[in-house]
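Structures incoming, each one as structure tokens.
Below, chain A partners chain B and then partners chain C, in two separate complexes.
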Partner chain A sequence: MKFKSSKDYQGDEYRLLPIRFRRLPWERDRVFASSLSGQWTFLTHDELRRCIQRDRPPQQSLDDLESVGCLERSPEQHTFAPLLSQLRTRMARLTAGPALHLFVVSLRCDHSCGYCQVSRQSPDASRFDMSEETAQLAVERLFAWPSPTLTIEFQGGEPLLSFARVQQIVKSIVKRNGMEGRELRFVIASTLHHLDDERLEFCRKHHIQLSTSLDGPAELHNLNRPLPSRDSYERTIRAIQYARSALGHDAVSALTTLTRATLSKPEAVIDEYVRQGFSSIFLRPLSPYGFARRTQTRSAYTIAEFNEFYKRALKYLVQLNTVGTYIEETYATLILRMLLMPQSHGYVDLRSPTGAGLGTIVYNYDGKVYPSDEARMLAAMGDDTFCMGTVFQSVEDWYSSPAMRVLLSNGVSESTPGCTDCAYLPYCGSDPIDSYARSGEPAGHRPSSAFCRRHMSLFDLLVELLDRGDSDTQRVLESWVFRQPLHEILPHAVGAN
Partner chain B sequence: MNDIIAVEFDTTIYPLDAIRRAVHWHIGEYYADLRIAGSIVTLELRPKDGTTSPTDFESTLKNSVLDELLRVQVRSEARGIHEALIRAALDGALGRNSNSEV
Partner chain C sequence: MLAKRTSAAVSCVSNPLVGKVVGPRDLANETHNVERCFLDLRQLANAVISDELISLPWLGFITADPRRVEGRCTISALSDDTVIAEGDVIRIAPKARYVDVLYRRSANANALFVTERCTNFCVMCSQPPREVNDRWRITELTQVIDLIDRTEQWLGITGGEPTLLGEDLYHLIRACGSKLPTTALHVLTNGRRFAEHPYANQAQNVHHDVTWGIPLYGDVAHLHDYVVQHEGAFAETIRGLYQLARIGQKIEIRVVLVKDTLARLSKLASYIRWNFPFVTHVALMGLEPQGFARANYEAIWQDPADFASKLEDSVSILHNRGIRTSIYNLPLCVLPVSLWRFARRSISDWKNTYLDACAHCRVRDECCGFFSSATKHWISRAITPISDLREVSP
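After this line comes the complex of A and B, so read on.
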């Protein structure tokens, strides 16, 4: 990259670089200002105005804005290398192609969860299993991209009900990878209720991680995830312990799905995660898909209600950490990392261009291919708008599909009204499928969308804590970001070790 | 209660682009009507169902337009380098040499 000579800047004390800013909701005359790379600073609105309009700009404000890449004062000395490096990292994901590959090996499941996001089928409906031929073709397509890392996640239904197919796919990928040399990571998303010694041994041999659902204490879990035997919670806890004893404590993670019944009990859900020895919890709102839509009067809630729940949960999590119990909220940690560390993240839901299709591919049991699990859920509801094609077609065919054209033309925040000037854009993403599912429009009006209202609330909450949270709270958040032992940053934490 | 909010802007001070961008933020809750007469733009916002205008909404709207005015200025000054940086980063990601001048 070439630089213009300094004579081009005569008469100007500095040059503005792209600046995005947002008035702080808790102090309207101050702003959060971010640069292209996502570095940021606080300053007053008047200081920002004076810098932009060159109206007696304060020296300190110029220093602050320059230090985060919002302006440059010495073209001869200024280097764009760090900023370019961060932008390049983000764009390199486009050329690497999808790294997350979801295999829906079966729709069969023995649970009848009211919020289930897919069209689950009864346990004996084997016609909803992925065939051997479909699985083999999917494996071949998976290696069509150059991504150096590949995460292969098995989903359902209940993938353990079709374990022979899981085994076939894992063996086939491992064999092929002998020539490819990619870094592989396998995950099975499962209730774990159908684990046995043979299956666990296969998981151990191939370093397969297990991800299960734990919705809270027994009463809440059994309410959300009913089984005819009414013992879903007990079976889940037993299975977690069984899997940990074979694979190690960290090989099992858990996700919680939040229903209306959960909203008033964040402390109970978090306490259950602590009781079961988890050091993280991921608090996500219910998606408007599948059975969740059909039962929404029972299960659903507004984004405003979720945001209130989240604030209360985060406060409780911080409180637990300050008295010596390390447990982090996964999504907050992800966003805090983006705010406090320069490197780019790989989380597919918070990417622009969208991670759908560009970061994730879903191979459905019937051979159809989707850009995300949400697109598959829409298809299960009868709307195949986002089907990219089938495993019988080439990946080039998938990328020229009408589905991908819709995603590419609506999935870039930098060119989307409402997002393009948002100060949180460097840390946020684009989700045209969610927008389509909720409003019928893949772009829609972003500021009033559920995606935007959830994320604005979350960003504001975390930025406010960084701005004016008490020192214990800020140290807890840092411990999540830097994974530092609690006692190193919070010496007085009770029981910290 | 008449909840229609009407605000006038002088386009010699506030560019139309800044007014339009500011209005965009609020069209989830309001129906917007922009009328132009000479250099004066009249903006009328009518609440959609269930929307209650905050008492200081007119001030919020004016602040939004002022903010957009600053963004117009930043965009005007930084557009060239913005595009060059994005092009250079994309070239780098694709393994190409960049000849972009910023």
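After this line comes the complex of A and C, so read on.
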């Protein structure tokens, strides 16, 4: 018998596939290199250079790059099946069309939050309610989309102040779905202050989930979310418990909005979430819209300040998890999931092609249709650039609108200046509406973009933790990503992606 | 360890015969198609052996005293009496002075050996392929399936490369499904043939509980191709894995720990975790010192003492993702205690043995032990009996 040696199968030829790389800010002579589909590896800058320039390339580097889909050796031996499978997985969402549908049933609200993105109206201004006819047409349009799963989220204002409309829409969708057979998920975004037994019973019957705002302990929450009666926090906590007792613990989720006042107290906010029995917290900075922009001086902060806050918060979360309290940070988990497995995610704000109009549709109270919540906020501020049309038109009309053309020509990172060469592109998103809101230009300008700066530092932070975080931190992050209890997460040497 | 073949005197046989061994318990408890059974007279009390019983059309008799059944087919003078037992399926042939056990009721693992031919030529193959025409095996195995206990929980299908049987492999699997409806199947294949769409598609619904065990030896093409000695095998195996996943098949990935594979083991674990999270099991397997492995010792052997931490990393990478992971064929004393929970008693009992040193080991009964073919240089320098469990408790 004759056996060939391993060298005989190696060959000298190789072909480079698209590679994006970034020097590690914490170790400038090493790089993070990613493939078309987002599989990645670390190597030294010199190793990468030698592979690219074919200057005595080290075998191990060639192997590492081949393994993650950045290079092929001989075409006779190579297969693109993994790369294609990953791309297919990541892009699967495109074939289904928008799955997240926001119904703005009313702009009325009784809160007067300084950071409100919505331009709320006073509780008795009924001309800011969605009409029955508009609601009915919106439901018709909803079923024009091909997505097998539809999430219908009611927003406001305060949707519970227009509950009759919510009921009409839910009933009408459920009825129509008898023929359609889509997988439905209903969510109401609300302060929950206006819940009563009858409304809860309706939510229970239709498996409606509730999403509320909880900004931290009483002093922070009441500061951020003022009511004339100054008891927003107490009411919110009572309502969360009330709703949980009727719908089950997991039917209620909470979102926090971070203002300047919060930035110095990450531990207090996190502790509040733990105290209220939440197993996740979503730490995201303020967006530049609505009232938020007008009150910027009071509540705003720089991205650098946010990052400091975020790092401290993450450290505290890791600490809590290692002593047995499971609580994850939603955004870190989302990004790490993309770094550690090829997958499509439901989060519409971090996608390329953009989630605006492709992943989500907003049906406004006045019958106008927008590609995202941010677009309707711009409209509320007097700029209707991103209006796709009205519920009186067909979805085909919406897709041929000038608004959609702007989104499609600026909403693909692969062809956006500054994004196209970024090593983090496979995990990031394109948000032309955000670019437009901040700079007046939908393509945006990466060097001055707050969106870009925030995400670059977030990716850097998480990749650094994967590279050289301590074992506890790495284990906690993996337990978030793979949804395993921490004691089942075993330590392993870094560099394995 | 109990061999699967023993020498014996066989008389009055004109064709190869496959039959099931019937002894005292089965004789009392079950009805038999006696024409397909060997009656084991060794265990029967003389009082039971009536002329009436003998006169039934048994396929043959296993006996120490062939004169009792003169003129009938007999198996006698077994060099090891324990090799054949009640419930087993055995084969005898004219002029062959031995008996083969094709199925053993008491074994921890039984497999149908479907062909000696293979499309790979692995450097550590314990069952070197031969280019022979052995289609006769299918006919024989169809008989064997008829005779296997219906209560059998698990049955392997192995070779050689089973997919070389083409459509016949699917026929065989279907036969198992109908004759042995509660038996889980495990097919060992290099998976390359499943890269062909039409062939893979036929695997759909072929059986309600079949796992395809497919070896993968590297995260890069040349590494796998070297281990299996075939350029292009990696690409086909990878495409085969995706095809089987597409039609919802259960897949196990098997990694044999040869030296070159070990060099990139944690990268391979990451590659599996990233690309094939759908697999139901990954087995990381120590070498079996048999066949080509013996010839290629220098090229493939690495002492487990020298790759323990690499193994820990790789197991963690897979386990953390929720992928069920096992370590086969590595004794507990060469593994870090953290890995003991992943180690299985994986060696088939007919080729399993323990060393003298194991006699006083406290964990011998949980340990896989050794292949009986393991000579001195195949045994890790780290082998040492675990005398005090407190020393190793984490």
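Just so it is clear, the second predicted complex is superposed on the first by the 472 of 497 C-alpha atoms of A that agree within 3 Å, B and C clash if a C-alpha of one lies under 4 Å from a C-alpha of the other, contacts with A are read in each partner's own complex, and residues count from 1 in each chain.
In this text, contacts are C-beta pairs under 8 Å (C-beta built on N, C-alpha and C of every residue); 3 or more make two chains touch, one makes a residue touch a chain.
Model, not experiment: these values are computed from the prediction.
S.K.: Going by the contact rule set out at the top, does A:91 touch chain B (first), chain C (second), both, or neither?
M.R.: A:91: touches chain B, not chain C.
S.K.: Name the contact category of A:445: first (chain B only), second (chain C only), both, or neither.
M.R.: In the superposition, A:445 touches chain B alone.
S.K.: Should A:484 be classified as contacting the first partner (chain B), the second (chain C), both, or neither?
M.R.: Second partner only, chain C.
S.K.: With the two complexes superposed on chain A, say which partner A:64 touches: chain B (first), chain C (second), both, or neither.
M.R.: second
S.K.: Identify the residues of chain A that lie in both the chain B contact region and the chain C contact region.
M.R.: 1, 3-4
S.K.: Which bits of chain A are touching chain C when the two form their complex?
M.R.: Result: residues 1, 3-6, 8-11, 39, 63-64, 66-67, 73-74, 76-79, 81-82, 85-86, 340-342, 478, 482-484, 488-493, 496-497 of chain A touch chain C.
S.K.: Could you list, by residue number, the parts of chain C that touch chain A in their complex?
M.R.: Touching chain A from chain C are residues 121, 123, 128, 219-223, 225-226, 229, 231-232, 234-236, 238-239, 242, 260, 264, 266-267, 269-271, 273-275, 277, 292, 295-296, 299, 309, 312-317, 319-322, 338.
S.K.: Name, in rising order, each residue of chain A that touches chain B in their complex.
M.R.: 1-4, 15-19, 21, 23, 28, 36, 48-49, 52-53, 80, 83-84, 87-88, 90-92, 94-95, 417-418, 421, 445, 447-448
S.K.: What does chain B use to touch chain A in their complex?
M.R.: Listed in rising order, the residues of chain B that touch chain A are 21, 24-29, 63, 67-68, 70-71, 73-75, 77-78, 81-82, 84-86, 88-90, 92-94, 98-102.
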